[in-house]
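Remarks on the structure that follows.
First chain written, first letter: the chains are A, B, C and D, and each begins at residue 1.
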Amino acid sequence: MPRKSKRLERIAFVASDVAEARTALARLEARYGNAPVSEADAIVALGGDGLMLQTLHRHLKDRIPIYGMNRGSVGFMMNEYREKDLLDRLARAVVSVVHPLSMTATNGKSQSLEAIAINEVSLFRETTQAAKLRISVDGKVRLEELTCDGVLVATPAGSTAYNLSVYGPILPIDAQLLALTPISAFRPRRWRGALLPRAARILIEVIEAEKRPVAASADNAEFRDVVRVEVAEASEIDLLMMFDPGHGLDERILSEQFRY
Amino acid sequence: MPRKSKRLERIAFVASDVAEARTALARLEARYGNAPVSEADAIVALGGDGLMLQTLHRHLKDRIPIYGMNRGSVGFMMNEYREKDLLDRLARAVVSVVHPLSMTATNGKSQSLEAIAINEVSLFRETTQAAKLRISVDGKVRLEELTCDGVLVATPAGSTAYNLSVYGPILPIDAQLLALTPISAFRPRRWRGALLPRAARILIEVIEAEKRPVAASADNAEFRDVVRVEVAEASEIDLLMMFDPGHGLDERILSEQFRY
Amino acid sequence: MPRKSKRLERIAFVASDVAEARTALARLEARYGNAPVSEADAIVALGGDGLMLQTLHRHLKDRIPIYGMNRGSVGFMMNEYREKDLLDRLARAVVSVVHPLSMTATNGKSQSLEAIAINEVSLFRETTQAAKLRISVDGKVRLEELTCDGVLVATPAGSTAYNLSVYGPILPIDAQLLALTPISAFRPRRWRGALLPRAARILIEVIEAEKRPVAASADNAEFRDVVRVEVAEASEIDLLMMFDPGHGLDERILSEQFRY
Amino acid sequence: MPRKSKRLERIAFVASDVAEARTALARLEARYGNAPVSEADAIVALGGDGLMLQTLHRHLKDRIPIYGMNRGSVGFMMNEYREKDLLDRLARAVVSVVHPLSMTATNGKSQSLEAIAINEVSLFRETTQAAKLRISVDGKVRLEELTCDGVLVATPAGSTAYNLSVYGPILPIDAQLLALTPISAFRPRRWRGALLPRAARILIEVIEAEKRPVAASADNAEFRDVVRVEVAEASEIDLLMMFDPGHGLDERILSEQFRY
């Protein structure tokens, strides 16, 4: 899946809102100019994983490759920061293509929201009342009632994010899988989740939604008081992230699995 | 620790606010009368574990034994419901004495709250920003920075409640221990918590509290925007729960450990 | 990957060595005859998963489809036992194609053994001395020293067998992955294993092999006192298992993930 | 439980059989002499945890305090090695008193073995056939059939040894508990074990012992082909280990719980 990029000349820079990133932006603009995104061959994002996710969300349909340079505290999706040789690094970079998830959430008033998630779609109780959820895969109920804090569906790229905190498995970037992982399951208390084929269509229904309100989030965008949430891979959306050779997402995720 | 009760004659009944419990209350009052708590030898609570916790909270200092009968969906702390022979059952019941936790929480404005928790004291992030917590035991920092959804301290009696959902160990009722259990730990990502002597004094400090606001709860009572939380066993408070012989908390917790 | 079979007329029966299977064999032979394997369109195996594994091992290169009928205690790979309509069931059956693992194990005398594993290749300490293992993937050392009882590499088909007992993840049958799972890891004590691309070449070297002898097993075939073990998918071997529609390995593994 | 020792003058030295320990022995003998154990106030053991266990086993009934100094690779029970000021260190040392387990194992020929275990009593399958075990506590069957590699019962002192590798909880040294922990449980596949009161009497019976032979071990002493194993705390045996102040077993076990 990683593939060699061609020469990328016109760069659009974006930066997160911290001093370190702002300074980097000024210096890089001075050196390489700053093209409008509509005319750019690539976007260079200066910040952390939060900025990378934000930038990917803004350009879901643009098929423009994004190269991150780390100016923040967590940089799992970012390359090392350096000011010189940027065009050479872009020319040598490998591209990882990932597909996000599409979430369709419906609330008790039959209002519906569609959103895209790059890391994960998660459901979480809104109050101290535990959530009760019914989980179906491809039209078949697989878990009649999960009493829990919540549940999430993660992509391979997102498997090292919130999914990892809730003890879900890390997935290689090329795994054709989604991770369905419970968050603090109370009953069935030892259910650890499931690995599903990437083509799976997952439906999560909220039981006793009035007494036990639940919010759904696509990455960080939250939609409250949901009664049903459908999740599927948005296979028609290609997100292009660029990495220095030998430091691609595949390598990062592989080595993350051997950390302890 | 379990001990035989004497003849208890004057009963104060309390009931949770569902039809099933209300009906039971009416029938039992007709049969046994309903003494004011101040004059009662024992309280009989009709409902589920929620009501039992509530009743214990209301009578923290009263040293009055409480006998629950199950009229709700979860009844881990409740005896089987029966209308007849109540005085005989009370006479034969064994008493489990448990000690709650005392929590002292301080917020960013130096306001301080003291509260008692029977099951657990928990801290949880208020926003999508992960919490960062520093954990000390008996004045010594044991974990410099835990990035997580939260953390909890559970009593043995509470070890089968929220602590169990977050993969904490079940503690026998007589274990002289507290369970310190992380909730969705991100870094150190494999830290599973610790079992501490019951005399331990636990301090949890919130790092970057403005960016990463955290709420503290003593059972269900929540206190928002805390910056430090101290937890210790309130060994001076004796809570007395009564159980039919062979169905005491010790037996319940033991058999819970062999469920799967 | 599952695909429809053509009409299969000539059946070779095999049975495990228990009365129940022997009786079934006699009755089915009387009804359908019993072709030599070399002339058969399919093999019907009467027993449990042990017999299925044995039969697959005997016909690794034969590309002959095998249909199991359950006459034993564990039958994860077996269809329901029925005597009638066998040819119709075979005609309607779907075929799952799975690839085994190839293991090359070398002992301290430079003797080398090649073996095929359908479920898993495992290494395990031979004495009470913990094993110390170095793990490399695709020529790169990923774990310098794992102190443990052992380690295993499981296929998706084998992920519900020994891998499951040692807390490894269940893999969908079409997952293009192998599970590398530690057995009772002592140091790094919280390492949970890794999911690797199916093309990964895994090398496990035994440290202090004389003091800490280790045996390697391909399924149940054991080779003692190994010093190095290489594992890779034998992608050139296609094993064909037949299942009644709606009860294929994909469905079995999926529903196993929702058991608790 | 830790308590101050009196002045200990006559020292008996023991050393493990490695060069480093032998050299240390010679130097310390030259400096402090070497009393026969029968006349000694304390034993000083030069080696690792293995030697400490061995020395404790040799002096189960002697109530003689043992002070370990680390001359080996793992030294959880050992103090730092120094040659000078030994008598002062002994005078200031705190004593941890621990109780071992007593195991009574019976084989298929009704032969019976009693043995003492300081860390753990474990049962483990002898062949590739999984073990099937029935587990009772205080005369009541708690788990009808555990299919597994094995099971163990650990003391608090042993909870950081093999128990930790098989994902059992670490117990504070003063916890009045035993850990009953499964080893690679296959069915019930998510059973994680139980914490039992120290007075619990545990009976493990081997099911289908001929087909599925099982060995029982008290620390490293193995007894093969067992059909039943009883385990209980040997509360009449006091083992005395000495530690430098601030580095006692209680502190060691507590800080081990905050490692990750």
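The rule we apply is simple: a residue touches a chain if its C-beta (ideal position, glycine included) is under 8 Å from a C-beta of that chain, and two chains touch if they have at least 3 such contacts.
The model shown is predicted, which means the values in this text are computed figures rather than measured ones.
Shared contact partners of subunit A and subunit D, listed by label, are B, C.
Among the other chains, B has the CA centre that is most remote from the centre of subunit C. In this structure subunit A contacts its sequence twin subunit B using mostly the same residue numbers, the overlap exceeding half.
Rotation relating subunit B to subunit C, from a C-alpha superposition: 180°, rounded in steps of 5.
The chain pair A-C and the chain pair C-D differ in C-beta contact count, and the higher one is A-C. One simple way to say how far apart two chains are is to compare their mean CA positions; for subunit B and subunit C this gives 47 Å.
Mean C-alpha positions place subunit C and subunit D at a centre distance of 37 Å. Among all residues of subunit B, those that touch two or more other chains are 189-190, 260.
For subunit B in complex with subunit D, the touching residues are 137, 142-143, 169-172, 174-177, 188-191, 193-197, 254-255, 257-258, 260.
Those residues of subunit A whose C-beta lies close enough to touch subunit B in the complex are 128, 130, 148-149, 162, 164-167, 183-186, 189-190, 217, 220, 222, 259-260.
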